[in-house]
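For reference, the structures are reproduced in the following blocks.
Each of the next two complexes has chain A plus one other chain: chain B in the first, chain C in the second.
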Partner chain A sequence: MSFIEKMLKIDRRIIFLLIALAVIIPMLLNLVFVVRPSPIVQTIFDKVDGLPDGSKVLLSFDYGPATVPENRPMAESLLRHCMIKGHRTYIMAVWATGEAEANISIGRVIRTEFPDKVYGSDYIQLGYKAGNQGLINAIFTDFKGMYTTDAAGVDINSFPMMADVNALPDFDLILAVCSGKPGLKEWVQFAGDRGDIPVAGGVTAVEAPLLYPYYPKQLLGLMGGLQGAAEYEAALVNEYPEYRASSMTAVKLMGPQTVAHLVIIFFVIIGNVAFFIQQRREKRARRE
Partner chain B sequence: MGFTDYFVLWVGGLLTLMIFSFLYKDNPFYKFAEHLFVGVSAAYWMTVAFWTTLVPNMLGYLYPPILRWFATSRAEGEVVVNVLYQLPWYDRWLRLIPLILGLMMLTRLVPKAAWMSRWAMAFIIGFAAGTNLTRYLQSDFVAQIKATLVPLIVFDQGGFSLGGTLTNIVIVGGVLSALVYFFFAKEHKGWFGGTARVGIWVLMIAFGAAFGYTVMARISLLIGRMNFLGQWLQSIF
Partner chain C sequence: MRREIPLLITFIVGTALVVALFIPHHPFPELDGEFSIWFDIIAVFAFILGGGNLLKVHIDRIQRRHRDRFFSAVTIVGFLGTLIIGLLKFGGSPGLKGNYIADSNAASVYTVADIKDPEALVRKVNAGHDPVSQYLKGNLSASTLEMADRIEGGASMPDPARTQFIDELAKALVEDLNVVLTGGSIFDERRFAGVKLDRETRAMIANPGAGHEEGIRLNRRLLQSAYPDEINPSHGTTWFRVIYNGIFVPLGATMFSLLAFFVASASYRAFRAKTREATVLLIAAFIILIGRTPLGYYLTFWLPEPLQFLHIPNLSAWILSAPNLAGQRAIMIGIALGIIATSLKLILGIERGYLGHEK
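And then the complex of A and B:
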């Protein structure tokens, strides 16, 4: 059996093993590559950074445990950036699993790195409400009609930061970290376009190609997958190097990601070359 | 790390290995993990639907005191119940309509009365179509056409911008050629066929980009799991 034939009949388990090694070895070696923010991510950073202190930012956690490796670094970078800039951050979820994810990130970012931030004045956890895009549609005109209490069941009117929030257009920026439907697309359709409110955020890599058509006119910026998260972290660390220790989650994971991609590219090229050589040989054999 | 954390880590670690074992071949451990996931998911979403939809959006409105039983504290229960009692009567009793429609959906379980579920289904479809139609038309049709109406020669900061010009030509050319490919009223021959062929290339490049992103997503998830397994192993050794 020639090398070409061997390549075309390679056992898929060998490929799985090589991919596993391509992920494990760089992790063990702590392989980290330099990540530079692309314009589509930098615009989100610039917008969050450029808003005056105390601006009202809505941050929606619309993902679940299945996509944590991609979505959590994005969400925590955005949350960290909002806290650094002193924005009033309103945390909510259109996904049922998002509320638990938001609680984890609040614990990891706000309570750990910004213990002086006051609940109800600097940030609030509004939690999950059922309704999908219907919820976005409803809070566009009547925010407090849907959110009568925060996630813990405390009367919404008892929080100082809710005093001047009555509808979505009251927010200066909407950020959403999403992994499906309803997600960033619905935020663009039902909030951003409708009220001319700046919308930006991050999505899983699978979702990203579906969101690109909205950039830059309908979507301010987009973080696509782990790469997008790493770019935002890089932008954050460039501007605020004191947060380097806590803001490198995605950047560190890009090492194994890059090596795994190289292995996949190698097999795609080998597979295609072998296929075309085999095809040419078969044609020649038929002629003879 | 407490007992609960260890327990969660061990359950997660073992289940991850069980699922990964499918990469070698199908086996009873994989089947067990798969069935466990299906069962837990079904129960989880049923519970979520009960607590986040049925209780706060329907039962609570129809009979507010019920929320006292479900509140995390007496004070919280009182606040919510008082808010609901202050609502006008029609705001609360209008919830009977979704209750009736919901019960009609359940008639699918009785073959002779199953036709009633169509009315509830028609309501859902009508509502979804009505709500989504305007937003999709605005955001995915009108706004996307506007976004494609871009100048083919771009001047930036007083000078000619080659990058901007090329970008806009690719956007406009790509959209038009892809649209031509999906235009079947005229035979794809001559210049029209050539444009359609360019359209195919544009679509192929888009599919390739989407596939690349999908690969990136799957590898990211694999890295996440490997990270978790690393934490698990660290807790053991």
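And then the complex of A and C:
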């Protein structure tokens, strides 16, 4: 087998090994790049930052453990930002796995960094309800009809922050962190458009291109994949440097992702160069 | 009738919802929300049907001694195990109604469910017979102390009012105790001299963690030791959480992580510039791959202002917001037209596949 043929048929185990090394080595070396927020992410930050203290923000955790590396940094940055700004934060989930993810983030962000925040006054965990986009549609007109209790089963009317919430249009901003359907698209279609409520959020990198048709008129801003999460963290750290220690999860993960992207590009180039050389040789052989 | 009634329901509901969009007067605007709640109720039943169907398919596979029957057995055990443990809420705080508090990975502050006997607790603290109670009394708010005095004064109340009073007392205690929990270590050798501390709490005192969470955990253990009959012990976590963290999370992460390897391998094999279109796609992919990392910035940040449109992050943003957007819009409009056509066929009873096959 010639060198060119070898280049065209690289064993997939070699590719797997190099991808593994591309992720592991930057992690061990703690390779961190400087990330700059792009306009599509900065608009979300500016909106959350610009809302007056005590604004009502709905934060929906619509993802599961599979996409935690991409989605959790987004969700936690948004949650942290809401807490910093003193927004009343209503946490819910349209995905069954979202409730558990929200609990983890509440523990990691609110209880750890903001222990003075009072449950029921500053934030509330409403949990998961079945119904997908049907749930969004239902809470649009009657929030307490669907959420009669919080996630722990306590009467919803016993919480001070629920006193002036009856329907989705009562919220000042809807934030959703999603990894599929129902997700940000459904929040735009069934809540944002219908009630003229600002909607923004984050999705996995694979899903981000599908949401560009909604930006910027129907979707205020969009965090796409790990890069989007890192950009939000960068925006947060730029404005609130005291939260640097806890707000660098995605930024740190961008090192391995960058090197992994380079390895993929390297293999695609190798494959194409070998392909062209082989084609030229075959043409020459045919002519001869 | 088995076919006519569902067809009639579909026709009425479909027509009503379309009409509701155009009539902003009662009862039409409420119809959408009302039907959505019905849909949500049906969605809950769909879970039961889904679970039943899963069991049926996999039990059938085991009975037929299918070659994948062992995977089916694992599926059934996993499904039933998670269902039973989740429903019965093994582990966690005894007063737990949902899985909110016990599911958290972080140290948790008190909720009302953690206070076993608010009345007894406030009596003990208010009496201040021991150093811990004296300390806590000094940290209770004026309104909680007022409530404690009402109890001490033997204020008699009819039952509904009394229950409400105790609920309010529990909430007030939780608020005050959480300030104590989160306000740094409450341990003092003399203060806790008369309290029997277990080995784990003593170990935590000997080696206090540096973090805020460790401090909350230690304070909870200390208060629970001082008031074992009045405060519920913190059980840490539920078994459901153990399953979620120990099995579901790693499996989900593994499946998604494997994609990185397969994407790399598939890109190498399939991404060949065989045609002009494929070449354009390949170049766009390179720009997006680099543009979605900080590397894109480092490579072309030096470009002068007139050439900034060639800056890789700008090119990447343009690809996403121009050619990608146009393609996505075309697809979305096509899908929307398809949905309208299918919906009309369903409403008018032309499409009847959802009714199942006639026997």
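Going forward, the second predicted complex is superposed on the first by the 286 of 288 C-alpha atoms of A that agree within 3 Å, B and C clash if a C-alpha of one lies under 4 Å from a C-alpha of the other, contacts with A are read in each partner's own complex, and residues count from 1 in each chain.
Quick note on the criterion: a contact is a pair of C-beta atoms (placed from the backbone, for glycine too) under 8 Å apart; a residue touches a chain by one contact, two chains touch by 3 or more.
Values in this document were obtained by computation on a predicted structure and should not be read as measured data.
Novice: Figure out whether A:V154 sits in contact with chain B (first) or chain C (second), or with both, or with neither.
Specialist: After superposing on A, A:V154 lies in contact with both chain B and chain C.
Novice: Using the touch definition from the top, say if A:T67 reaches chain B (first), chain C (second), both or neither.
Specialist: In the superposition, A:T67 touches chain B and chain C alike.
Novice: Please work out whether A:I264 is in contact with chain B alone, chain C alone, both, or neither, and reply first, second, both or neither.
Specialist: Both: A:I264 reaches chain B and chain C.
Novice: Of the two partner chains, chain B (first) and chain C (second), which one does A:Y128 touch, if any: first, second, both, or neither?
Specialist: In the superposition, A:Y128 contacts chain B only.
Novice: Could you tell me if A:K217 is touching chain B, chain C, both of them or neither one (first, second, both, neither)?
Specialist: first
Novice: Quick one: classify A:A205 as touching chain B (first), chain C (second), both or neither.
Specialist: both
Novice: Applying the document's definition of touch, where does A:M27 land relative to chain B and chain C: first, second, both, or neither?
Specialist: A:M27 sits against chain B, while chain C stays out of touch.
Novice: Taking the superposition on A as described, I'd like to know which of chain B and chain C A:Q189 touches: first, second, both or neither.
Specialist: It touches chain B, and chain C stays clear.
Novice: Comparing chain B against chain C, which has contacts with more of the residues in chain A?
Specialist: The partner with more contacted residues on chain A is C.
Novice: According to the stated criteria, A:W95 is in contact with first (chain B), second (chain C), both, or neither; which is it?
Specialist: A:W95 sits against neither chain B nor chain C.
Novice: Touching chain B in one complex and chain C in the other: list those residues of chain A.
Specialist: Shared contact residues on chain A (touching chain B in one complex, chain C in the other): 16, 19-20, 23, 66-69, 129-130, 134, 137, 152-154, 205, 208-209, 213, 224-225, 227, 257, 260-261, 264.
Novice: Spell out the part of chain B that touches chain A in their complex, as residue ranges.
Specialist: 23-24, 45, 48-49, 52-53, 57, 71-73, 76, 79-80, 83, 131-132, 135-136, 138-140, 143-144, 146-147, 206, 209-210, 213-217, 219-227, 230
Novice: Under the stated contact criterion, what part of chain C meets chain A in this complex?
Specialist: Contact set of chain C toward chain A: 29-30, 32-33, 36-37, 39-40, 43-44, 46-47, 96-101, 103-109, 111-113, 175, 178, 182, 211-213, 216, 241, 244, 248-249, 252-253, 255-256, 260-261, 263-265, 267-269, 271-274, 282, 285-286, 289-290, 292-295, 297-298, 313, 317, 320-321, 324-325, 328-329, 332.
Novice: Under the stated contact criterion, what part of chain A meets chain C in this complex?
Specialist: It comes out as residues 10, 12, 15-16, 19-20, 23, 33-36, 38, 40, 64-69, 97, 99-100, 103-104, 106-108, 111-112, 115-116, 118-119, 125, 127, 129-132, 134-135, 137-138, 140-142, 145-146, 150-154, 205, 208-210, 212-213, 215, 224-225, 227, 254, 257-258, 260-265, 267-268, 270-272, 275-276.
Novice: Provide the residue numbers of chain A that touch chain B in the complex, in ascending order.
Specialist: 13, 16, 19-20, 23-24, 27, 66-70, 96, 128-130, 133-134, 137, 148-149, 152-155, 188-190, 193-194, 204-206, 208-209, 213-214, 217-218, 224-227, 253, 256-257, 260-261, 264
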